[in-house]
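Next up: the structures, one after another.
Paired with subunit B in one complex and with subunit C in the other, subunit A is shared by the two complexes that follow.
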Partner chain A sequence: MTKSHILFLNVTGIVMFLLLWEVGGRIAGENLLAAPSIVVFEYIRLLFAGDMLRELVGSLRQMFVGFGLACAIGMPMGALMGRIRLVDALVHPWVSMVVVTSAAALAPIFILMFGTGFEFRVAIVFVSSFGYVTLTAYHGARGIDPKIIDVARSYSTGPVETYRKVILPALFPYLITGARLGLVHATRAMVMAEMFVLVGYGGLIFQTGQDLSTAPLISYLVTLMFVSVGANMGLGWIGRQLAPWYDSKMSAG
Partner chain B sequence: MATKLSLNNLHKSFGRGKANPIEVVQDFSLDIRDLEFLAVIGPSGCGKSTLLRLIDGLIPADSGSILMDGRDISNKVGGEGRGMVFQSFDLFPWRTTQANVEFGLETNGVPKSERTGIAKHYIDLVGLTGFEHSYPHELSGGMQQRAGFARALAIKPEILLMDEPFGALDVQTRDILQNELLDIWQKEKKTVLFVTHSIEEAIYLADRIAVITPRPARVDRIIDVPFERPRTEDIKSRPEFLEMRQEIWSILKEGIKV
Partner chain C sequence: MSHTSGAAALERSGDIARMRMRDIFSSSWLLYLLSVCAGLLLWHSISTQLPGVIFASPFAVAEHLVGAMAEGDLPARFLNSVRHMLLGLVLALLVAVPLGMLMGRNETVFHMCNPVMTALFAVPSVAFVPFLILWFGIFYEARVALVFVMCFFDILITVTAGARNIEPRVIQAARSFGANRRIMFFGVLMPASYPFLMTALRIGSIRAINGMITAELFFAAVNLGEYMEDASAVFDSAAMLSVVFLLSLFGLLVQELVKWSEAKLLPWHVRD
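Showing the complex of A and B:
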């Protein structure tokens, strides 16, 4: 299949989905499932009303603090776990526990610990993305070609320099992948956490859920989806910019 | 002639869990003379790569000693006048040619201003002018190994350790690089320890050839290569060349069990 074939099929799939949705929406009615023809106008109205984007920007700002912390701590920690057995044995159980624990289940205790403000949302976002960032870095670090470590040793590179100049760059593709995974989970957790305390974008979604029409609710979801997809693609783009060698890494042998 | 590197009674065995350890290198002694080109030849799997890794300190020997100009470097990992060229090139994919060649200088604390010039000099020497800013995946295998040479030469090693550097290349590229290696060796005046399994390559390049018997690796005999330098490809068709090839082959054949 060529690129244009794939694109054609992609578009066909989306159109079919929209048609199904339109038919379903006409049958179910606006207060159960607003049809896309209604959502489009509602979406434009909300875009200009300002609430949606203002709450979104505010929430994303807080999310990026939590996500940034998860990356800043998780990436070096995952790398150390992958290279040093002692560190791995010490923290692996904890990281695994963080990954499997549902952030929603932690929300009540975090509310007790941090209140319902900034710290709470940062904490929820942190625990929900930290594990993915860390474990992806960990698997990357374990898989580093020992031959490349030998080169560093052959040039009598010290452990700190080897870490900085060989292990971290070799890990780079894994760090980007981990960040992309983590970001998806961070976005989900942010909305979920805000629904608990009725603030920000999640709060907006929750409150709109009580309305008669489902059109605004669906509009909020569409925006959220765009943000997630956009951020994910953006990280991929940043990865390719910072590491022009990454895409063709396989052909380098 | 003075001895550059002397290997004395090296032993190395690898454990296999509960089974008896395999003796890979046993009582290995060899003197490499200053500024000579010594080829070590043996069949695949005879432990010659292990030997080179022992010499570079990448793996520790169980016993024995390695002396460079008389000083003991047995337990030193890398450096100490040793520059290694690897079989599969093993350039860093995230570094350009320039940055790959600078790597050893960087870790030896050579300041940035000096590094650039030194790296450029060796990039030109190996014929990679114009590819300074290319990444390894943009270079052919032959060019990657040229960069591998330049990286090893840049740290100005006293002895160049080469682990089947042309093993992963096609025959034509191999022939071209052999000639260029001889050129560079004549210009740079270095001691070279060159591991290979190609008899022709060993005869064409080396002053002396150490023929290794397989597992455990031991020196079977050392053969002097009489051809004058600089060498050109026509010596490959001389009767003496063919005779020597036959002689080495018959020694190797005894040790190979297929």
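Showing the complex of A and C:
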């Protein structure tokens, strides 16, 4: 299938989706499902009104603190778990537990512990992205081909050099993938936490849900989608820039 | 001569000792126990630093769990929660699995649906809550709908990726032996799909459990959500942590169950 053929199918799919949405929106009415023709104008209005972008930037800043912490702790921990069996055995059950724990169930407890401000959101984002970052780094570290480490050893490379020149580059694609996965969950957690305490961007979403028209609500969701897709593509781009072997390593899955 | 063999024997006994140590350390049950104890100890030491109303110790949580279990209130609520979770999960599986297979095996359908599905997947499912309130109210239907939305896209993405990655050589081999469409579907494509269908089931059920408690906290507070809100109103952190602990344990159990049945049912599919 040629590239132009694929592009044609992509565009056809999007147009069909928009048409269906338009028809559905016309039938259901603006207060149940605003049609895209209405949403476009509302979106442009909100974009220039400034509220949407201001809240978004504020929320994202807090999210990145939690997400950064999760990466800073999760990546080395995952790497250690993958290389040292005892660490793996001690930590793995709890990391699995963190992964399956629902962030929403933790929200009421975290409110008691941290209040509803900055720390609360950082903690929720941290807990829900930490597990994914750690486990991806773990799988990367475990899957390092022993042969390449043997080669380094037979050239009598020291442990620090081996780590810097062999293990870290082999791990790198997994760290980026873990960050991409973690970011998806960080965004989910951020919106959930903010909807719960009615602050920031999530609060905006929840409160506009009570409006008569669903057009602003859909506009907020569209922005969220752009941010999420953009961040994911950005991380992929960074991965390719920093490690040209990223794609070849990750194309399998 | 005797000297060297003695040294070798010594070395061997050292090896054996080391091996025995390794056996002890790699005996998974002991390590598992050690890990659980270490975690509980850490939890306990953190909880002693904080006031009890904010963060209960594991002993307080255990005490609360035993009491609530004996009373029968908590298990009854749990069962009620699981009921709407199961309905949402089954509905999501019924829609997402065929759609994912279609998207995975048909290039035209894939390229038509992929951009829209990626865009919808990028929106956090919780953000659909205001819509679900408008469409389904705040009771049973809304809870099922949220569970559906929360696991639908994860299942769809997993199934699509899995179906696209079915080894082409397997299909080519079947074709060169003249397999007809029926054999191709039941004899080749279906067995090749079981592994990623299991993965989809595992991810979907974790998401569904997540959706279940989210729904109960965001819509009308019922079952476990009500239990948590009541506990938070009186600053009973032991009760709240009990619910979280129970949910995590349940999620872990479901995940291990799916993994275990995968190993039993699909022994040819090796996973680390």
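Quick notes on this one:
One rule holds for everything that comes next: the second predicted complex is superposed on the first by the 245 of 253 C-alpha atoms of A that agree within 3 Å, B and C clash if a C-alpha of one lies under 4 Å from a C-alpha of the other, contacts with A are read in each partner's own complex, and residues count from 1 in each chain.
Convention: contacts are C-beta pairs under 8 Å (C-beta built on N, C-alpha and C of every residue); 3 or more make two chains touch, one makes a residue touch a chain.
The model shown is predicted, which means the values in this text are computed figures rather than measured ones.
Applying the stated contact rule after C-alpha superposition, one finds that A:R188 touches subunit C and leaves subunit B untouched.
Look at A:Q241: by the touch rule set out above, it reaches neither subunit B nor subunit C.
By the touch criterion defined above, A:S4 reaches neither subunit B nor subunit C.
By the touch criterion defined above, A:K147 reaches subunit B but does not reach subunit C. Judged by the touch definition given at the top, the superposed model places A:V91 against subunit C, while subunit B stays out of reach.
Touch criterion met: A:S156 reaches subunit B, while subunit C stays clear of it. Contact with subunit C, but none with subunit B, is seen for A:A107 once the two complexes are overlaid on the shared chain. More residues of subunit A are in touch with C than with the other of subunit B and subunit C. Common to the subunit B and subunit C interfaces on subunit A are residues 253. Those residues of subunit C that touch subunit A in the complex are listed here as 25-26, 28, 31-32, 34-36, 38-39, 50, 53-55, 107-108, 111-116, 118-120, 122-131, 133-135, 161, 165, 206, 209-210, 213-214, 217-218, 228-229, 231-232, 235, 237, 240-241, 243-244, 247-249, 251-252, 255, 272. Of all residues in subunit B, those touching subunit A in their complex are 53, 56-58, 76-80, 82, 84, 86, 88, 90, 92-95, 103-104, 106-108, 135-138, 155. On the side of subunit A, the complex with subunit B involves touching residues 147-148, 150-158, 161, 165-166, 169-170, 172, 243-245, 248-249, 251-253.
For subunit A in complex with subunit C, the residues that touch the partner chain are 1, 6, 9-10, 12-14, 16-17, 31-33, 85-86, 89-94, 96-97, 99-109, 111-113, 142-143, 184, 187-188, 190-192, 195-196, 202, 205-206, 208-210, 214, 217, 220-221, 224-225, 228-229, 232, 253.
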